[in-house]
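One structure coming up, written as structure tokens, with questions to follow.
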Amino acid sequence: MRGLLIGRFQPFHLGHRYLIEQIDEAVDEVVIGIGSAGQSHTRENPFTAGERVHLVQDALEELDAKTYLIPIADIERNAMWVTHIETLCPEFDVVYSNNPFVERLFEEAGYEVRGTPLHERDRYCGSEIRRRMVAGDRWRPLVPDPVAAAVDDIGGVARLQKITDDDT
Amino acid sequence: MRGLLIGRFQPFHLGHRYLIEQIDEAVDEVVIGIGSAGQSHTRENPFTAGERVHLVQDALEELDAKTYLIPIADIERNAMWVTHIETLCPEFDVVYSNNPFVERLFEEAGYEVRGTPLHERDRYCGSEIRRRMVAGDRWRPLVPDPVAAAVDDIGGVARLQKITDDDT
Amino acid sequence: MRGLLIGRFQPFHLGHRYLIEQIDEAVDEVVIGIGSAGQSHTRENPFTAGERVHLVQDALEELDAKTYLIPIADIERNAMWVTHIETLCPEFDVVYSNNPFVERLFEEAGYEVRGTPLHERDRYCGSEIRRRMVAGDRWRPLVPDPVAAAVDDIGGVARLQKITDDDT
Amino acid sequence: MRGLLIGRFQPFHLGHRYLIEQIDEAVDEVVIGIGSAGQSHTRENPFTAGERVHLVQDALEELDAKTYLIPIADIERNAMWVTHIETLCPEFDVVYSNNPFVERLFEEAGYEVRGTPLHERDRYCGSEIRRRMVAGDRWRPLVPDPVAAAVDDIGGVARLQKITDDDT
Amino acid sequence: MRGLLIGRFQPFHLGHRYLIEQIDEAVDEVVIGIGSAGQSHTRENPFTAGERVHLVQDALEELDAKTYLIPIADIERNAMWVTHIETLCPEFDVVYSNNPFVERLFEEAGYEVRGTPLHERDRYCGSEIRRRMVAGDRWRPLVPDPVAAAVDDIGGVARLQKITDDDT
Amino acid sequence: MRGLLIGRFQPFHLGHRYLIEQIDEAVDEVVIGIGSAGQSHTRENPFTAGERVHLVQDALEELDAKTYLIPIADIERNAMWVTHIETLCPEFDVVYSNNPFVERLFEEAGYEVRGTPLHERDRYCGSEIRRRMVAGDRWRPLVPDPVAAAVDDIGGVARLQKITDDDT
């Protein structure tokens, strides 16, 4: 049995890793869709799909789970989003999501959707980590070590600070 | 003479029906463009183009007017929007709209634009009907009977409530 | 029960009308998709979607069938084509086609696909009618009268001859 | 040496002219990208790319600088924006911008980015000029004479007022 | 009065220059559209829009004509092509073309279309020049000197030969 | 050091596996781009990106190489293709290709491009395998066992035969 999890992973953090570990116990293989793959260099989406593949793949290697990692570009037509994902990913049986919009779309397409077990959601949360990066606060403890290293390689904090500067 | 009316029909309501009846008295045929055809599953645009065709067509059959029903996808370039519509619709002579933006675009393209006769606009209004659907208030009296039936078939109220849940 | 028929209708001809009459006997309503809706002004696709809506709608009025007429733009991703159509059309139960590619896509999506009864296919055929238009041969007997009139309104034969000139 | 300057020029004003004069002293040729080329008929972007080419080109003729004037449509993927510009413009060596987002993208691509000398920024500013147009205040002193004339030719103030009407 | 000329300019050659000189005598200003602006690195379209702007602009400076140089990307919908051009170019009054397809589209949009005076068409012809580049034959005499220099700067002949290698 | 290899993998065969083994000896990690990711259900591209991910990933597990598997959709603008790939993939240092067009694009972008070691190219070749599938000839010995199994799961041979039927 294969489970699908879609996230933007901006960046991949310990909450994601915990979640994938939980899902991995329930299914044989985990398809991980990297959402909004075309987005980058914004406050909400600082990293490119390629950078995120790099971040996530390094972190996944620490796990036992058999995973597929697939960039998923946004499309304009919501009613075609599930099919868009189906054509890019290996077949999956169950979808993990706590997002009512995602739930609704997959349920209309006939999928079983399961809620995701959250782990200290306030801390392990992309927007909180990005906020800390911008503010110069401590964000490294919230992500797996390989992710922290990869963010440094990319100069990710400097990028985010510069872009945020633009927002004001 | 043919008149054009563009609406999103989210959903089609009694105000639309009244409007088409009025237009039908002034022209021979009415071209009805279903705007934002690619949008669906959002609070503003819950229904797909196909669902709206179904809703509108059923309601139109109660009328005498000869009508054409054409889904019109959004395009990014405003300056090409009129031509976009011209290539998708049978030729039309006059445009009905109260929207200054639509008026301006069609007037720059040389069309006569006529204001639309409104009928109790506060009640017969898509956003009010969607608000009632979300709140569980009475919305059925505001739409033609076939529309209420079609919304039920689609599970439209449940969809809108679920999606709205996502908004908060 | 609703049946779907997709054609390019370049132009709509007596073979199409015969086909729709046959389908109409088997189903309650016929959804007619006007394929390659964005194409026009080429030898294979001389008429715009709007012109074809006009041609087809006039011809349909001679029939008893309850029909829906929907322009369907091409999309690049074959694997999403069925969903594309599903989001633009009212729900349908069965698909009429003799095209193996169309058959395969709809069958993979779980639809029943029925072969279409053909009527003197060599004569009632879009490419033959366009060939006659270009060559100045008799094409009017092959299309319903309202179609011939609409083609004349558009200056369709002159357009096709001019464009074909370009091809050589 | 060639310098690149990107602006939306909605409309071109005396601040732009001053800026190009300054850049022209530092480089041999100035490539002027007309940004958001596909946008028009909105409050932020009232004029089409073609109208802006006309406005800008007339004003540039008063200068000595050798300039290239290139419409640049928006693209969705920020990470590809620099390449998008590179493929549309003659090769350039240095980029002039005060926008941190633009700076960051060009710096990641290896370009030298220089700050632009501003000239009474509060007055010579597109949004202030558009505000005056809408309010019926004096905007002509803020733009070169050929631009004022071109805006009149287009009926630009009426368009902006009508569209703004729509915003409320 | 302004005239429009659209070409791909792969590359700009002496026939183009002659043509623009002739048009310049008949109109006040010449709008030159660089067609298929998004195409490059193919046998038919070796140069990017930016490279072609560079090539053409250098050659135009030898002329007296007041010219506008505008990259025009291809669009899929022929019926919208004229509007596409209208929104990107300064307003024009007359179109120069010998291409029946282009003629037809502009005539349907109400433009006067004039045939272009050709000058030794067999020699001064993009495909012949590209053929010579690939074969290692003499192509320089067929283009203005600044174009030959710009093609050398780009390494254009090597690119074309490499790409052609790919074709076989 | 990371190497990039792009292929359509329609389907993945023993020649691909041999090639990746060779590349793996020369670099630390192999980024495998699945080209033409949006194409499917045609004679040249029978399988969707998702199906190909499944095929390739199963076959890769037999190898020691650390690999990244990334679907790459086609884009229209060749001059932006390298950047398109860069934004979707983890950073890479060297590109493996025997295709002159691919070589040229990556070399213009400053990459080292290395020829790929081929292994019995006439047999281990996608078009030959697809030909055999259509003809009902033996194709299984040409692909890794997990690929043969996955093609069977999908009903791939039946799909290809049906689609090919359409070609005639």
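Labels A, B, C, D, E and F are assigned to the chains in the order they are written; within every chain, residues are numbered from 1.
Rule of thumb we're sticking to: a contact is a pair of C-beta atoms (placed from the backbone, for glycine too) under 8 Å apart; a residue touches a chain by one contact, two chains touch by 3 or more.
Source: prediction; values computed, not measured.
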Shared interface partners, meaning chains that touch chain A and chain F: C, D
Graph separation of chain B and chain F (steps between touching chains): 2
Mutual neighbours - chains that touch chain E and chain F alike: C, D
Copy pair chain A, chain D: interface residue numbering same or different (half cut): different
Comparison of D-E and B-D by number of C-beta pairs in contact, larger one: D-E
Rounded Å distance, chain C centre to chain F centre (Cα mean): 37
Mean-CA-position distance for chain D and chain C (Å): 46
Separation of chain D from chain F, taking each centre as the mean of its C-alpha atoms, in whole Å: 44
For chain B, residues that touch 2 or more chains besides their own: 38, 40, 48, 77, 79, 86-87
Contact graph of the chains (line, ring, star, complete, other): other
Contact pairs between chains, per stated definition: A-B, A-C, A-D, A-F, B-C, B-D, B-E, C-E, C-F, D-E, D-F, E-F
Residues of chain D defined as touching chain A within the complex: 76-79, 99-101, 103-105, 108
Of chain F, residues touching chain A in the complex: 37, 40, 48-51, 53-54, 57, 68-71, 73, 86-91
Interface residues, chain C side, partner chain A - complex: 77, 79-80, 83-84, 86-87
Chain F partner contacts - residues on chain E that touch it in the complex: 38-42, 48, 159, 162-163, 165-166
